[in-house]
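There are two complexes below, and they share chain A, which is joined by chain B in the first and by chain C in the second.
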Partner chain A sequence: MTRNQTATLEKEAAPILSGPGGTRECPDWFQDQQREAWMQFESLPKPTRKDQAWRFANVSLLDLSPFKYGGTLTEKERATILEQSRGLEEVAGRMIFAGDELLERDVISDQLKKRGVIFQPLERAMVEHADLFRKYFMSQPAILGSAKFAALHQALVSSGTFLYVPRGVEIELPIEIFHWLNAENDSAFPHLLLVTDELAKVTVIEHFRSVNEHASGFACGVNDLVAGPGAKVTYVCAQNWADNVIALQMNTTTVDHDASAMSLNLNLGSRYSRFESLSRLTGEGGRSDLLAVAVAKHQQEFDARTLQDHVSPHTASDLLYKNALDDRARTIFGGLIRVEPHAHFTDAYQKVRNLLLSDDAEANSMPGLEILADNVRCTHGATSGQVDEDELFYLRTRGIPVPVAQRLIVTGFLDEVVQRLDHPAISEHLHRLIEDKFSENRR
Partner chain B sequence: MKTENSAVDIDRNKGDFFYPEVHVRDAGVGLSERTVHYIADVKDDPDWVREYRLRGLKTFLEKPLPTHWASKDLEAIDFNKIRYYLSPGTEPKRSWEEVPDDIKRTFERLGIPEQERKFLAGVEAQFDSEAVYSNIKKAVGEQGVIFVGSREGLKNYPEIFRKWFGKVIPIADNKFSALNSAVFSGGSFIYVPPGVKVKHPLQAYFRINAENFGQFERTLIIADEGSEVTYMEGCTAPKFNTPTLHSAVVELVALKGAKIQYITVQNWASNVFNLVTKRGLAHENAEVKWIDCNIGSRLTMKYPSVIMKGRKARGEVLSIALANDGQHQDTGAKMIHAADETTSNIVSKSISIGKGRATYRGLVHVPKHLKNCKNNTECDALLINATSRTDTYPAITVRGTGNAVQHEASVSQVSTEQIFYMQQRGLSEAQAMSLSVNGFVNDLVRQFPMEYSVELKRLIELEMEGSVG
Partner chain C sequence: MKELNIERLHIAVGDQEIVRGLTLRVPRGEVHALMGPNGSGKSTLAKVLAGHPDYRVTAGKILMDGEDLLELEPDERARRGLFLAFQYPSEIPGVTIANFLRAALQSRLPEGGELEATDYYAKLYEKMELLGMDRSFTSRAVNEGFSGGEKKRTEILQMAVLEPKYAVLDETDSGLDIDALKTVAHGVNSLRGPNLGILLITHYQRLLNYIVPDHVHVMVAGRIVRSGRKELALELEERGYDWARDGATEPAYR
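On to the complex of A and B.
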């Protein structure tokens, strides 16, 4: 805590583009890595629309000059944030961050602790569990276009969540993490390092929110999710930043043999949100489910890039992304199934569906396949359409007014994805967030 | 000796021969303003064409190779070692008797005159840079149909030619359309008057005979209101030791209610770079259909497009690609919807054998405020060996409500159960494999004109030989 406070004080109100600030109480090796990452950030070129990885994206929105490090919170602000950090009813553990500052940590039960579960802020884990940390922290390069921003994240990250679940431990209740942006032009660099050992089981939900629903801000997060042999990892992201926020999130999931990973990204907030999801299937029998739902309104732009990377034979992946677009909103889906040489007997599926609700909304889909092995079953599909007139008519004959009927159809369309989670409480929570977005009631 | 009714030669070995060169006109090796002037002088181009060529050259030199998304193999092309214009320096002949003996022998070996007698409405044969033969059946000519080489089209029908030339594919569309604009020669010019339905196909045959040669034909087809025409092209080249470049530009204009069907069977030798830009403009109620089969070449990059400019226009691409060892078939389609109620359909099937790589690249664009546009895209890929590769890269943009767009793709391989079943019935493994592959493309091939489907099936059998076991 003290480290964070000193760091925050020194960096206060400094623009993030002025570089990593002040002395930090991190190990030397970590500071060296950060300096190196900063140099990398500065040397890598800015993305342009001509880059395949940024095709269709409105790259002009990525002006980082206004953003600064978050200042120290007042007692009142702190209390407001804690008071508003309401998510699931029952959780196994909880962390609440405002910018880079950890406000509160609800520790996990003694029983879990006794069985070896580690749930710590990142800066503590890098000292106390340096081996694990160094092995997995940002060990996969960001190859989906945002190498520059991953470097920025690495250079500036100063806190985050470290969660380690040892062999055979199953955590039934979800772990919950809140990230808040507070004042105008604040920035955050959220990080989750999740490592599960053999046959472990865990579910994590992250909430991204803004205190001030008109404030602009910048979030640049990286998650390393590691599913050990036979482990079961579920990751859920409920992104609900304020409408002026620019957000970049780069997630890498590694799935070992017989493990299964499921991720669901719900995108509701921000002005521009780019979500890169890389899922690497490195062991036989591994399975990865990639799910996403976006409700895009006004001039929001959601930019999803995915890679289902089948490295090992006998692996399966299934992607389902659904977007509902209203007003002048835009969505981009750029996905690739890659079956590496020798990854025979791959079973991969990829589907993106866009529901257009207005004449100015625009959906871009680039579902891709690269197959370098045989004996594979790979299919992908992309559809773009609108609310089915017959369904609408049916509901109207039952006396349901058009706007209500339309909303029912759209939420039903999106619910198909949300219901794939086998956590009813989380599905219910996400469903409520989606409904709130439609009724413009954001919290 | 092959005697069946073959529309085009697609037996690869059959095209692998050449005769000594007898070129009178030769622009030399390499590309500069001098080359462009030489071509313009030889062809006696009007000033606007000469200027157009020079603008093409400038754009070509300015544009980078598109290797940020396309194959790095493009870097293997040495533009300074290519010969850009070669011709015997004579006008195209109206009868095969007048065609010089050695050139005539070339086309006879490829079976062209024989096919013309059998079922074609007109034939043009291009040898390196210029047409050596061009003829149209009397009855078709009397209907007012024009079918000549691009040079004759420019000379004799300037008012139609100039109106549409370069309008569908601008110089700066891409690096290779710019190159073609600079040094184009040969290709067909076709005009079909209003209401005329040309019953039999018109055919062009493209032949590269000289080493290090680049062929840059330019085809312009205009189907006036309510008319219909089918055009077929075939191409071969002997396999030289150094790579050859073929970079054509094909523009189609289907005016109100017209229908154009354009069929390609590309069977270049396996060291030809085949970088072609093809686009059709479909006006109200018109239809442009591309049937595109890519079997030969080292690298093909070709994405036939349709711009549906008028209400209820239709666009279609049926594509078959076969990629064997050392080949990359980078093919696909582009559908640009620019009016209400336009519909497009893309069906692509590719087969990768050995170390071959087949890529589908597609673009579907439905911009703002259009109503009732529909696109359907299906791409299926079949992998034969463990070393084969296939990719799919579609890009789909849809704006607004009232349109329906769907894309589906799948990758599979020949199932071992199927093969086993057929072997039980006494077929060899290779026969079973080839039957299976033919089954994969069958529903698409059935939509092709008869002569093509027979040839294609035979060709696939040939390509499959030795791919298993």
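On to the complex of A and C.
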């Protein structure tokens, strides 16, 4: 056995619940924050189903004791991951992480660099752009139930993406980020901090994937999106972890005046995946679109909690979540629209639609409104239904066999969300991922 | 015999018998109009031909080129060459016309066969031009937000692309203004030929001014009460369905 492999084994043995390793060379202030976050993680209670924020959730799945830090990759594993990191054809920049190790980076163009765009792994950004980094890093409290897991994330995160787009800079092609889980019981703490200044524009797509489609694992991610005045931010997350992974993702979007943010979360993988999304509209004229699509099969459980928080007047938000559920899969949606005092002339919409493909599937929806201002337009609604028999018959009369017809109808139902993206290449990519998920069924 | 052959057909929904001993033959290459008042069972017949699961055939036969249609699933019937243009076509949200028709053609290929994309689009665009449809239609969701005329044109587009042996057009003229009616009729006429038999179901004579049938049948209360040449439609328009019913003797063919 070579020394290298010995080292790998030793590192693999460390469970995440043993606390922050402190192995990387990070600034002292960052390590202090991590220790503090760890204490917070340890002191906060575990979620129970009695908590409103965890209602309906299968909290017993949140046993973190088996999970450990990802070990050092072999050359072969590294090559496999790089080979499989295929997403969009054309991108402005790319980062590939396995566990929390940065494997590869396709840097942005010199032109963008000259104009002040920063696209760096966290550990570099916190040194080279400490002021900017500290201003935004983990600055938004996790208020949708997962404070404990946000603390865990902060305590254990060791890399991730920092992207800053300065005033007036528009990045036309998307920025692409891959996060991989490698071996059995590996963990990952994906982090994205995206800050756009006034009138900037950027699109980011994150891919969450597993090397081994049967391996258990744990992912606990945080992303903060900051849309400066008049900026346009599009964020897409294609979550495709292996089916035994436990995943939590906490997203905060802050939308300044006249800015617009659009996020789309595609949930395909994992055993249990919780996605928290807080959208704060802090400036007049801001708009936020919250989109999500899930294909839940077998024993999968997708747990979404959202808050559309209208802080300023004349702001708009539009949430559209669609789930297709088969087998014994479950989904949970808990969403609130809050219109704060003085946030007059708010337009806020929330729509959840569940398509049940099996009698054993279960969709739970808890939409909510809290309106403290006048002159607002808000609607919310959640519906569940089955594949429409007339639609099915119509397709069959064209010669399309039942399984194909059903799949067309279901992917069409989900594509309606995907098509809202103003980006055909990404929509097409997501469409393919959805189709791939359905065709697994035939294996 | 190359024909769509309906023999002494009885159809019920629940306890109610809607079609009562209907006999009708549509040979390939001919256009037969089936006229009748509301509630005569015309649309029920159309749906049963296509294999709609809500209706029960209690007696009789439907043969397509000698093959028993009632033994086949709706999608099998379509793949064997039957087409139904719906009176009220379904909207299929999120499924584009291009993807929908590709799936329909794909289903007609032997297993493992792949549709050639360039040929497919060339054919699709050609047929769209015939029906005066803009190419941008291909990326719209099937029938979603379509006007009445657009829906009916899309039905005929599907017929043109799928090239059936027998087509049943159920009230294809309903909801169409005169311009749309002419466009749709032009589309249907251009598909007429020795390899296609058409059963044209309509309430009104006006469609038959533009798609001139070879034969006309009048259906009242679940059976054919009169059959004749195209002039019968004009006579019916003049005299009304009461005349047709009163003059009925035995269920007749030709």
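Here is the rule we go by: the second predicted complex is superposed on the first by the 425 of 443 C-alpha atoms of A that agree within 3 Å, B and C clash if a C-alpha of one lies under 4 Å from a C-alpha of the other, contacts with A are read in each partner's own complex, and residues count from 1 in each chain.
Keep this in mind: contacts are C-beta pairs under 8 Å (C-beta built on N, C-alpha and C of every residue); 3 or more make two chains touch, one makes a residue touch a chain.
Since the model is a prediction, treat every value here as computed from it, not as a measurement.
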Here chain A is shared; do chain B and chain C fit on it together or clash?
fit
Would you check which partner chain A:Gly412 touches, where first means chain B only, second means chain C only, and both and neither mean what they say?
second
Quick one: classify A:Pro141 as touching chain B (first), chain C (second), both or neither.
neither
In the superposed arrangement, which partner chain does A:Gly399 touch: chain B (first), chain C (second), both, or neither?
second
Counting residues of chain A touched by each partner, does chain B or chain C come out ahead?
B
Touch test for A:Asp390: chain B only (first), chain C only (second), both, or neither?
second
In the combined three-chain superposition, what is the angle centred on chain A between chain B and chain C, taking C-alpha centres, to the nearest 10 degrees?
80
Minimum C-alpha distance between chain B and chain C after superposition, to be given in whole Å.
16
Quick check on the complex: what are the chain B residues that touch chain A?
68-69, 366, 368-369, 381, 383-413
Given the complex with chain C, which residues does chain A contribute to the contact?
388-391, 393-402, 404-405, 408-409, 411-416, 419
Can you check the complex and tell me which residues of chain A touch chain B?
50-52, 55-56, 341-342, 344, 354, 356-387
Can you check the complex and tell me which residues of chain C touch chain A?
50-53, 73-75, 77-79, 83-84, 86, 89-95, 99-101, 103-104, 107-108, 141, 158, 162
